[in-house]
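There are two complexes below, and they share subunit A, which is joined by subunit B in the first and by subunit C in the second.
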Partner chain A sequence: MFLERLIKFFASLRLTVVCLALGMVLIFTGTLAQVPLGLYRAQNEFFRSFFVYWQPEHFAWKIPVLPGGYLLGGVLLINLVSAHWQRFSLTRNKAGIWMVHVGLILLLLGQLLTDMLAQESTLHLRVGDARNYSESERAYELAVSDVTDPASTQVVAIPEPLLLKQRAISNPELPFTVRVHDFYANSTLTNNAAAGYEPAPGNVGTNGLWFKSLPRETAMNLRDLPSGIVEIVTPQGTGGSWLVSAYLTQPQAFIWQKRKYELLLRPERFYRPYSLRLEQFKHDVYKGTDVPKNFSSRLILDRPDTGEHREVLIYMNNPLRYAGETFYQASFDEDDGGTILQVVHNPSWVTPYLACLLVGSGLVVEFLSHLVPFLKRRRAV
Partner chain B sequence: MNSKFQFHERLMLGGLLGLLALLPAGCDQKGVTVYRVTNGDANATTPSATAPVTPLAPPATADAGGAPQLKWTLPAGWQEKPAGEMRVASFSAPGNNGQLVDISVVPLPGMAGGDLSNVNRWRGQVGLPPVQEADLAKLGEPVTVGDAATLLFDQAGTIDASKAIPGMPSLGAGKIRILAVALHRPDMMWFFKATGDDESVAQQKPNFISFLKSFQFAAADALPAGHPDIGAAADTLPAGHPDMGAMPPGATLPNAGPAPALPGWTVPTGWQAEPPTAMLLAKYSVTEGGPKAEITVSSFPGDVGGLLANVNRWRRQISLPPLDDAGLAQAVTALTTPAGPASLVDITGTDAKTSQPARLVGVVIPLNGQSWFYKLLGDATVVEHQKAGFIQFVQSAKY
Partner chain C sequence: MKTWIPWITVIALAGWLLGSLRQPPETGFQTRDFGKLPVLLNGRIQPFDSVARNSLLQIRTRQSIEDVTADQWLVELMMKPDAADKRLVFRIDNLELLNLLGLSDKQKYFSFNDLQPHYGDIDQQAQRIDKLDTSARSVFEQQLMKLFNATQLYQRLKLTLCPADSKDLGREVAAYQQLIPDGIAAVRAKEAGQKYDEKTLNIFLGFLAEFDDMAKYAYPLVVPPLQDAKSRDDWQNAGTSLMSLSKGADLNPAVKSYVAMVAAYQNDRPEEFNQALEGYRQWVGQWYPAETGKGIHEAFYNFFQAFYKAIILYILAFLLAVTALLTFAIAPKLSETLRRTAFYLVILTGLIHTFAIVFRMVLEGRPPVTNLYSSAIFIGWGCVVLGLMLERVFAVGLGCAVASFAGFVTLVIAQNLAIDGDTMEMMRAVLDTNFWLATHVVVVTLGYASTFMAGFLAITYILLGLCTPLLGQKVGQLELGKVLTKMVYAIVCFATLFSFTGTVLGGIWADQSWGRFWGWDPKENGALLIVIWNAIILHARWGGLVRDRGIMNLAVFGNIVTSFSWFGVNMLGIGLHSYGFMEAAFNWLMLFIATQLIIILLGLLPSRFWRSFQGRAPAPGAAKA
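On to the complex of A and B.
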């Protein structure tokens, strides 16, 4: 029967061995690939994918050459559950084995959930600054902001992956369509015409600039700086095109139907219903040396909707955990006048702890389930 | 297999396969997000009050509301098309076998690359090899745009389909021809171009020349009514534009902070503030009779390629050869500022844009993951007089 054969296949130990061997190959090649691709692209192409592809030079198509991390993890998960279900019965004797397996399953699922749900960003504050958003270190977004109302700004944020697909982007909140032309994930600008550069369209602020695509950055301490041309298409036709670029740090404004809009390609922002104000940053050193002793940020947490207003102190190994997020002391400005906090939002942060607890307890239970009868037998002798 | 597990096994397999099927959905990239933020200190964005505003308008056509400020006489058989993103006027003319010739009028600020690079770009578009500066006069045919004399470059060649140029309508493989004219106007270069298959364009050449002759600029470089105001920024660009040169990518992490706010500083007397642009945080000009110098301030994330690349970029602007590391050490002097150590260069050469003698004093200050660029560029005498004030200005900045 087909189903039986399928279950047998998924439950087989051979599949486990093949998956583990392929996993080793994947990790080895993925690690080597970090040299030409950089950490983040290698992670995406090898581990956060179903297949690893190889693209022959000058060809548009790609050939899958290795199963990717998602596929191997998924098959291993099925393999683990199938084997467990097929070989072990739910009895007291097998409680330890059950716990170990459930722990492993939880570990795999937890990793998947972390991959899908976790979000990391940075919050850079100068002393005296307050901010209610953090920014991505690498991901950019095109913010189309309606700034007409002096009290509030409506933001339509278009993430970079959408911009890279180069398509017309509409949203019910926008009375026009944003059409994306020539968007490059990494780019350079110049104001002199040079080989390989394209001219920016002639709108206020960016005419005279030329831009071109660059290979993606591979060094870990560098990031890509995207640029592209976006056209505002109104129901009456084109309203003009703008060069948007990570190099341009001021928004470009235009008026449509008596409302003022701003365009800005900026690091992706994550807004919160509360703000943090940096009161003081301290960089303590051991007396008489330059050796750092402690970095600490004294902040005021202000939450208007609950009236919460209190002081918090973040220092090394003492992050602020608040509203499902953790703020770590990550870095600081060279002049000690500002702090950089890493903000981590990971709803499944507890799963690896639970998984380890389960696996550890399972191993203890399994050990005891053998040790106790053994001791009893010895006593009986 | 034990039959008592069959139902569970089916359930389990179904569940797991379902989970696997969900994986791609879970990994899908997220879409557009919409939110409203209350304006206040906590979400202060970049300073936008000074950002130039473009009134957005429908595409320019000759019959768009209001009188057109560009005038021309349409040759027989030509049809007007809506102006595109860079075109202020666009036409199609009939050619052989139902083919159409595409005619465009595009203004670009500054020199837009210079005549030689333009001609070679057009030649490349029809598959012809580049030429030298000396060949330009031989290749160009004298024509007039309105009353202004210029040269028409008529290039024909063959391209294969794989080299088809994106953005060029009805241009496929085969023999093609481009008629192109670049007209220098104050602060603006106007490009007139007819593109299509070889024979069709050749047929339309007399019409193209008569169209050029009929072309009138009613107001100084004005655009047709309703067109986004391309020229408005040309007043502020390109002379004082922050000359970024070939800016290498990448900013040193983790200082991926918000865009820099404008520092507070003391502006020397006699400096005239000018509107900043998207890439320029501040701009001033100073005039001593006729001679002039400009002061620009910009800031970009990271080290923007490092000191050597930026000094060489400045050197290129005044037509000086690039330096190597050893040369850099001699060319740069250290400058102390309250924000930290800075690097100062003082170089004299010929302005690459105006071909006039020029002196450039530039200061680079690395600060909090940003690089701040201060530049004083202009007439050597004015720069000499302003240098001390410029340095005080740089040192007065409070970030």
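On to the complex of A and C.
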């Protein structure tokens, strides 16, 4: 009895309309919220969440005010599936409706999969450079490298979320513990003492630097630049403290038990079994203007394990799809001497294509099946 | 009523259109033919005529000046700037700005000579404002920058064909050519520390300095590349070409012709001007037939002003269709005649509209929608086509009325969007793909058009229902109210199809070009809102949550949703700031939304207030909720 009512509730058209209406409110407010929050945060708070919260000023807890994207998408999905289960029979005159809704289910599931599985990173290459890794756009990692033997460097990379917890981190590969003291997701550095800044511990390289925490960036074109203090804790006591920062692009070295180590806070890296080398980058403009006409990168793809070695050309609206990843022309260096490629790994990239085909043809079938008889009737009159 | 009346009316109007294509022959300087010459500007080949009109739009917000055409003005400005400087071409509306410049607030238009004494002030302010973020500028600052840009454009146009203070370009260029060997010798001698003729050197360097100014600042590129040039796009300006003579280059035939034209104009000799012009037309036509053809065709397109004429005809058709609607119960025969006239007239105007869109597409080599301006034109076109289809099925005048109204409004919006200048600008790299412009953009724009169409039909329903008894009247077998309901339902179905397919195609384009099917970007969200809204209307109807009047109110709200996605998202974050044109557009958008909300409130009035439903119980179209 209860189950029946539950199914009825979940299959009702009223629920569809309410969810769609809430969806409109969510999308509208989520769009407006991009102005103060920035695209990235608005996306996370409105669309990639179960609830949208509101925190009144000077208030400790947040109040959920709107269902978020995950919740609405989920309920709509249940609604769709149970409506079909309950109401629709698979008959010929319902074919259009079926195609539309199966397409929508596919679209929603595909987007959920994309959300969970897709990974984006960037590959920055100067002309002549070759790289076999791309870097995260937002996340950093602390690389602790054993560089005693220049031929084979051992790297232990500590991801940023772990650093932000400000704990002691140990790893079987490391003969010491890395204790994270202050760690700020966004920060700034200065050479002089100033109000609000903390001094860096007095080790080589970062001597005399001061740093402080900053609020997270909201603008699309700005990135958070983290900084923090890490201490190397050995069984014999402290091995020294260092300021690590996204601003410091050179590694800081130290010696422990006659082995040389380096510390570097760098964008998180994704390695792959092949490399790309930039041969040429072209930035064409329309004659007499600075309006860009095309950006293109000519690259050499080199894969040692299969011996593959070939030239590829990536330009606007023409990405390279290779080994489950796609490389897009995203940006370039100001002096036109380098290219920035966006690397996307998205196993469910094909679902929107199929969904679009299904829904589009479903809608056409459905409307024609109403329109044609209607016009025939009118003609007959 | 006679069946020939509609035909006669439409044929007469078509005759008027054709008649407007005839131009009386020009006496004196053939500036009209000059206006057809091709130049390269904004990265595309266009005629001088487009340069003239778009520049005037930016400076004066009009395409012409009272007594002279755009071509005549441009020729004068480029060849005899002293005379042009007296013309009232700068439009200033802002009172603070007029005060700053000490100009009278009694007039709107000012000449360059009026502004010149205050140029220092303008320049100083502009230096300061230029550093401010565009969204942080006040109305005064916006207007000052606009004036500053207008004066810059004006002065760059002046340097297109001759240097400042040129009195007789023919003689000046001849003197320069003669001086080149001695001048170069003098320069070399000075560099080598040897004796040189100081007077020769100074005159020579004087010429070079003047041509260098032209090379730096000239606006359009007027000199086509010579046949051995690497690229057909390699156009130059006259200054660069004249400078290159001193490096041993020959005088480019195009420059030679332009110098002759300028000299003839400066000396007031129309025959010589026309002769030089004709010579150049033949030369450029022989070597650059495609570019010359483009110039001629675009100048024709500018002259025809098809969209402007379509506005007039749409107004006429709208008046006829509304009269037909209001009289069909009182005087059915008159009403039918008026309706037919309106129907034929919308077809005629729709043909002109289509012709102009196709002409534009061919000129640009692009699908119909490439920017906000062309989207307005295309939305109008979509509404007109849908309206004609409705009229064909339900011959009651409603389709015509809504089609002509939508055509008129969208074209007026387009005219206002065009004051920024060139509406055929080149597409930025990521947009430079005809495939996606032809699929995603066209389909999504048709989605806008059909959602608007449903909204306009719903407004008709509400207004007719409240103020007239017409909704209850029978047309054929159905009541007018029922006819409208069927129309709105059918159009919402169309809108769902177009907006969904268009939006998903946009996602696929995004996936193709930067690997993200959906990024929650404002424009994407706007399109998604339309899709969801249409889906809500359909589901609410199928679920019996709303009936006729409810659907109408939902459809009117669709207008708000669509206007937000079409315009609103472009104004995000600047709604509170003043932003030049966008500020005006923002106010219009708010006004539009307010009117739609008022109509929805009217639509919510209980059915006893509806004249169409009075005396009938229970009202057949009453919403449940």
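The criterion applied here is as follows: the second predicted complex is superposed on the first by the 331 of 381 C-alpha atoms of A that agree within 3 Å, B and C clash if a C-alpha of one lies under 4 Å from a C-alpha of the other, contacts with A are read in each partner's own complex, and residues count from 1 in each chain.
The rule we apply is simple: contacts are C-beta pairs under 8 Å (C-beta built on N, C-alpha and C of every residue); 3 or more make two chains touch, one makes a residue touch a chain.
Everything numeric here is computed off the predicted structure, so don't read it as measured data.
In the superposed model, A:Pro159 makes contact with subunit B only, not with subunit C.
Measured by the number of subunit A residues touched, the leading partner among subunit B and subunit C is B. Looking at the shared chain after the overlay, A:Ala330 reaches both subunit B and subunit C.
In the superposition on chain A, A:Leu371 makes contact with subunit C only, not with subunit B. Residue contacts after overlaying the shared chain place A:Tyr286 against subunit C, while subunit B stays out of touching range. Residue contacts after overlaying the shared chain place A:Ala355 against subunit C, while subunit B stays out of touching range. Shared-chain residue A:Ala60: touches no atom of subunit B or subunit C. In the superposed model, A:Leu39 lies in contact with subunit C only, and not with subunit B. In the superposition on chain A, contact of A:Asn186 is made with subunit B only, not with subunit C. The residues of subunit A shared by its contacts with subunit B and with subunit C are 330, 342.
Every residue of subunit A that touches subunit C in the complex is listed here, in rising order: 12-14, 16-17, 20-21, 23-24, 27-28, 30-32, 34-35, 39, 42-43, 46-47, 107, 111, 114, 120, 285-289, 291-295, 316-317, 319, 326, 328, 330, 342, 344, 346, 349, 352-353, 355-356, 359-360, 363-364, 367, 370-371, 375, 378, 381. The touching residues of subunit A, counted against subunit B in their complex, run 3-4, 6-8, 10, 48, 50, 70, 74, 77-78, 81-82, 85-86, 112, 115-116, 122, 124, 126, 130-133, 135-137, 147, 150-159, 161-162, 169, 171, 173, 176, 181, 186-194, 199, 201-209, 214, 217, 219-225, 229, 231-232, 234, 236-241, 246-256, 260, 262, 264, 266-267, 271, 275, 277, 302, 330-331, 333-335, 337-338, 340, 342.
Contact residues of subunit C toward subunit A in the complex are 40-44, 221, 233-235, 393, 425-426, 428-430, 432-433, 436, 476-477, 490, 493-494, 496-497, 500-501, 504-505, 507-509, 511-522, 525-526, 528-529, 532-533, 535-536, 539-540, 542-543, 545, 561, 564, 569, 572-573. Across the complex, subunit A is touched by residues 1, 5-6, 8-10, 12-13, 16-17, 19-20, 23-24, 26-27, 29-39, 41-48, 51-59, 82-86, 107-114, 117, 227-230, 232-234, 237-238, 241-260, 276-279, 281, 299-302, 316, 339-340, 352, 367-369 of subunit B.
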